[in-house]
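Labels A, B, C and D are assigned to the chains in the order they are written; within every chain, residues are numbered from 1.
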Amino acid sequence: MKPEIFNEMIATRRQIHKHPEEGWTEFETTYLVYERLKALGYTKILKGTEVIKTDCVLGRDEQLVQKAIARAVAQGVPQSFIDAIESYTGCVGILETARPGPVVALRFDMDALRIEEADTADHLPQVLGFRSEYPGLMHACGHDAHTAVGLAVARWVMENKDRLNGTIKLVFQPAEEGVRGAWPMVQAGLFDDVDYVLASHCGGKAGPGEVALVHRGVLASTKFDIRFTGTPSHAGNQPHRGHSALMAACGTSMMLAGIPRHGDGTSRVAVGRLVAGEGRNITPVHAYIQAEVRGETAEVNEFMCENVRKIVMGNAMAYNVDYEIERVGDATTLDRCPEMIEALREVALGIEGVKVLDLKSPAGSEDFTWMGKRVVAHGGQCAFFRWGCRHNGHHKFHFDLQDTESMPVAFKMFTGYVNKMNGQN
Amino acid sequence: MKPEIFNEMIATRRQIHKHPEEGWTEFETTYLVYERLKALGYTKILKGTEVIKTDCVLGRDEQLVQKAIARAVAQGVPQSFIDAIESYTGCVGILETARPGPVVALRFDMDALRIEEADTADHLPQVLGFRSEYPGLMHACGHDAHTAVGLAVARWVMENKDRLNGTIKLVFQPAEEGVRGAWPMVQAGLFDDVDYVLASHCGGKAGPGEVALVHRGVLASTKFDIRFTGTPSHAGNQPHRGHSALMAACGTSMMLAGIPRHGDGTSRVAVGRLVAGEGRNITPVHAYIQAEVRGETAEVNEFMCENVRKIVMGNAMAYNVDYEIERVGDATTLDRCPEMIEALREVALGIEGVKVLDLKSPAGSEDFTWMGKRVVAHGGQCAFFRWGCRHNGHHKFHFDLQDTESMPVAFKMFTGYVNKMNGQN
Amino acid sequence: MKPEIFNEMIATRRQIHKHPEEGWTEFETTYLVYERLKALGYTKILKGTEVIKTDCVLGRDEQLVQKAIARAVAQGVPQSFIDAIESYTGCVGILETARPGPVVALRFDMDALRIEEADTADHLPQVLGFRSEYPGLMHACGHDAHTAVGLAVARWVMENKDRLNGTIKLVFQPAEEGVRGAWPMVQAGLFDDVDYVLASHCGGKAGPGEVALVHRGVLASTKFDIRFTGTPSHAGNQPHRGHSALMAACGTSMMLAGIPRHGDGTSRVAVGRLVAGEGRNITPVHAYIQAEVRGETAEVNEFMCENVRKIVMGNAMAYNVDYEIERVGDATTLDRCPEMIEALREVALGIEGVKVLDLKSPAGSEDFTWMGKRVVAHGGQCAFFRWGCRHNGHHKFHFDLQDTESMPVAFKMFTGYVNKMNGQN
Amino acid sequence: MKPEIFNEMIATRRQIHKHPEEGWTEFETTYLVYERLKALGYTKILKGTEVIKTDCVLGRDEQLVQKAIARAVAQGVPQSFIDAIESYTGCVGILETARPGPVVALRFDMDALRIEEADTADHLPQVLGFRSEYPGLMHACGHDAHTAVGLAVARWVMENKDRLNGTIKLVFQPAEEGVRGAWPMVQAGLFDDVDYVLASHCGGKAGPGEVALVHRGVLASTKFDIRFTGTPSHAGNQPHRGHSALMAACGTSMMLAGIPRHGDGTSRVAVGRLVAGEGRNITPVHAYIQAEVRGETAEVNEFMCENVRKIVMGNAMAYNVDYEIERVGDATTLDRCPEMIEALREVALGIEGVKVLDLKSPAGSEDFTWMGKRVVAHGGQCAFFRWGCRHNGHHKFHFDLQDTESMPVAFKMFTGYVNKMNGQN
């Protein structure tokens, strides 16, 4: 890759790293993407509610959004831009070559995590001065790099636009963490005309110099926020007057862990967080659970979801409390398109020094799967790959991906694939 | 008391002790009572469905009843008697003196327990040769003595009938264990005309030579049989197809134990038995729980009952199984009638060597309370006392009450009270 | 009472109300008490580590203490005062008359609660402008009034010092909420020479114009902070690597609720707060429980404590996590001294318009009980009374006690008792 | 196959079907096998403690064994035979040809299940008159057919002994249900010299005319009997004195269901039966759980076992009861020997009308796996196949395998394999 693209890509990644924004609050990032695409000469740029079907949005906290908007505006994002996107993040740049050829979509996610970044001397972002400037927020899963790769690819596409065919869509997705952002982008119709859709993630089981093609193992998943509301009472004088939301949450948690294994494939259930109660001697009124389930197939995942619902309802009845179940994230399984996997294998094998792996065992979840399923539904293809890096644990406060060493491979995979599919011979 | 009544009373107690019959199966005992009352000259003797309102009966197992009938008939109870009582046990002898005076009812219970009696050399019934002849059944709570006292009192009443006023009802109740038999006797109308109703129990906190007057502490109680029905599945191949009745029973048991204490008085909850499942590797289809709750007031008991219902329903929903809750026993609290208590105190103090106690702390439950409540409802009075004995634990396989030493006090209390209320001055 | 004392008492209560300080952080309040006592002419004033045995302190959070010190200093409390008390709150004023007579101690507690005070138009402190100025903190249990009464009594004592005998100790206790402060005051030896110790609380079951003498029902209580520490793991990829502190906390909570009732008296258990987990898809590493138990006797309370320990240890073992149990508060039962109760009855009946109640049923807990037990141990007496007020729920955000109408009764009770015990005839 | 062998095989199966014997009680069956082998001319027949290492035996109930011996003796099994086998079932017939060649072992299991057999007109054994004559026992998994096939193979081997090489071991195993019998046979040294060991099961996912070669999916498994012993107490008077074994069993069951999924492969856990408690109002003293775990690998199974142990210990501690964990069955995973699988494929394809399947997904468990592992450990090979049949559910009261249509395929597979390995060319 050209040194100037490389340098810009690394700089962009580090710039984004300093201002991490969690899902649905990527205002600075979306504005940066938008401004860059415009500067590169893209004439068709969709953003905000043009790419997000708002009534399909999951897990968006209006209070968080408003605080982030205030911060973004303070950082120089024009209020007019916020108005234009109607407070919804996400941006898509489209190059229509007017020449016959396939519609190829590339997905890049942009959101950060609620983690306080390490500030120790062995943490590269600290050492090199691009550690997060926002307390409690951190790009600890590499989406900063994903976005920077996307912008580098966008530059390459524009620089090569005269020798490309068909249409190329560069999709900058919000809220991948918690598998929230893909579904409303799909519902906005962005993928209805797409022939091939490609996405990637850094790290995971792929080490430095490795590209891993994903065949199986991306689990369908649903994320739940569960709330119980009970009745307070003084635990010393009138324990019988109280209805404990805390106890309902505990009963629920124990039963969730006990949902039977599924005979038809891998399943998962996790209760990751539970906050309940107001004070030591008051029957707890409020309880809040963050849970998630996963399944090797959509059917297995739905089996888990159905059990979650019954368990929550049952505990609410047993403890005489009110309940609310909110679906705050949703991902499906990855459709496997062998032809596209093989095309990517060829691209990868063409990159010097790259070793190719094939992944088949159960791993995490990705809401890119919704984009893939939509494209496959009308006869297209999808694929997902991992580009390796030296890292020491995703979602950890000392996560790093050794950008200069790892990101070029990602760039070459995306541009190589576009070249293969849209390049004029 | 006259030596011949004493001797007969002790002999009767030991005879009944040899043939213990559990609740609703007291066929031999009922027949014995009936025959004795008839022989004593009682002309008004009600029995079976005349004293039991059958549609109010709780906790009666038809299969047990049929087996007991077969055994009783084999022991010489005429089939015609079984037919006459329509398979319902219980008997009431009534003396109407035709002279003005109060209606006084005395309650004696007749049923035994499912306990295998001790056969060791330190167990008096074994040594003296009147140990239970029925395997797995035992009069381990002294109701054999209660019945024998009742018959001795019946003899005394008849011997003194010319100097008594008003009406005397001698009520021989079935199924006190599990608090089942009193309610259908009350519903049969037996106590609608009663002015004073009196009952007693041997032992408890009363030691030898003591009579304890009960002021408070008889807890209202409800007994539940709970059944869950799930869906079987092979636990290895298709665990997801099963719905476990066993897990619903376990969740229920844990939540039952966790019903909040009540601020207005003592409460109790017990899960005494749980049987679930068919085999190690099959999702359990059937689960059965024996539980009970108690309360210092009817309100506290009802609070417990309401929680039982919600917990069972909630677990059935959470585990997607069917449920059934059967109320198999019910007792209420003891109404306190100070005037009658004081009358009993006078009677007790008139018995040589007797010491009087006053009981006020929470103890067990008694369905005699329904009789008391009915009598109090129309302006009458009720009372309950304990006559002490040397014993080593009710409901234990080595229970004994030292009959010759303890039973005379009971006889003197009942006859003394009748004398006080119905005796001609 | 004299108008100037009345006016000052009400003003003091409202002043304290504006600056509520929770347990062990009562720096402004302690300084206010100290300055007032000094101004009144008390020459023997003990404070901080003079009245608190520091190694007996329970439930004191150093971080909270430091923050509160900073706030207090900003509000004008001299750093030298903080140094003098060695960061421990609490103050005792002592009048030694040098005339023979009993040592009478009066206890007044000073701490507030973590509650956000109501700001509605029906809330008197809001209307009259003395609502809490500290967000999230509120005198919602009337300890502001207790302290103000104590200072008014201190003034009356000094004004009457020439006609009083013996010794009068005015004990201003920190950290009564959570039953934390009394024990280290007792251990500091403050009550070793006391003949009579008296304390009170506003409200409860006592309505306006009522004084309630407490005979029974103050429950022994122990407060626990329970912490579990597990092992994190990605819930999607490696659920088997995680050991969930959250699940251990849920199992613990369910089992705590299920500790059996005690046959010898009232018991209580409450799990008031549970916070566990770090994120939706990470096996939870940290879990924190706030719990408490109570018992009608010290034995019942210890039975509950013993069960708490076993349950926590058992869950730690079952879930393979570490645990920590911290006892953060402790109260015992109230010793009943009939003679002192009757003396208080006389005082109360001497106050115009006051109606006297006798309380015997289970209610809350009080760590004043430790002071009482120490005094009784060496032959002295203790008592506790409630002075009524119109209120709408202790520990509620709209609690108020109608100070002008209710506080004078408290003042008259304390001064009346001192007059009775220490007044020269 | 020869008609006389076919007829005898069917008749033998039906004879065994009439007298089903559960694990470790196969006295009639062992005697029948022994007598047949002797009649066929086998000179080396090992039995009882010659083939079972008694101190390695799992899940053998001495009481059941004694009852079964009495029944067997009543059915004509000589007491001398019982003495000779020292009350341990199992029999092995060995043909040593004295010619060089491999040692081939064939395993046939003999035990029945505790199921009451169907007696309806649509149940073939009922219609044809060979329904179980033993109430509550049934060959509901086809081991009667396995044994009959084994004896038919034994006859074929003897009829062909002059044209066979090497050694052929015909292993008739007791107690396969509950995976109990294989381990002590392995420990007895029977497989130390075996080069190839083969076993089979009827039915499962293999339909009529199908032979299924098992590659993967035989789960390692451990069976547990768990017992808790608590302290009794009257639930009304002294609930605090009791320690409930029932509650410990319920807590254990809920936590067992909640053992985390394993990231490295399929796991299973089942609580199939729970019996606890003695009476409604007595704190339960005894609780008994039948549970099992499984794992795709031995490591996954051991992970489950380790959790079982910790959970049981943790609950015993939390509820202050004693515990006992008994391992009553154990199976490991199936070693995959591709060469032997292919050899079997050839044999199967040589049988007219047979279709061959390859099984790879998780299914049940088999303790034959211990035999396979021992043989593979010293360089040999093992394999397992299923021969299909029309059936309507293993372990169901109406199970049948359509013997005349399905058993010949099993016979041909075993004899075909022996012919292939030991036949002289």
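To be clear about the criterion, a residue touches a chain if its C-beta (ideal position, glycine included) is under 8 Å from a C-beta of that chain, and two chains touch if they have at least 3 such contacts.
Only a predicted model underlies this, so the values are computations on that prediction, with no experimental measurement involved.
The chain pair with the larger count of C-beta pairs in contact, out of B-C and A-C, is A-C.
Ranked by separation of Cα centres from subunit D, the top chain is C. In terms of their C-alpha centroids, the spacing between subunit C and subunit D amounts to 67 Å. For this pair, subunit B with subunit D, the centres built from the Cα atoms lie 50 Å apart. Taking the mean of the C-alpha atoms as each chain's centre, subunit A and subunit C sit 50 Å apart. Residues of subunit B in contact with two or more other chains: 237, 239, 244, 247, 251, 254-255, 257-258, 260-261, 263, 268, 283, 362. Residues 237-242, 244, 247, 251, 254-255, 258, 260-264, 283, 300, 303, 307, 310-311, 313-320 of subunit D are the ones that touch subunit C when the two sit in their complex.
By the touch criterion stated above, subunit C contacts subunit A in their complex at residues 114, 178, 219, 221, 223, 234-237, 239, 244, 246-247, 249-251, 253-254, 257, 268, 270-284, 290-292, 294, 362-365, 394-395.
Subunit D contributes residues 254-255, 257-258, 260-261, 263, 266-269, 362 to its touches with subunit A in the complex.
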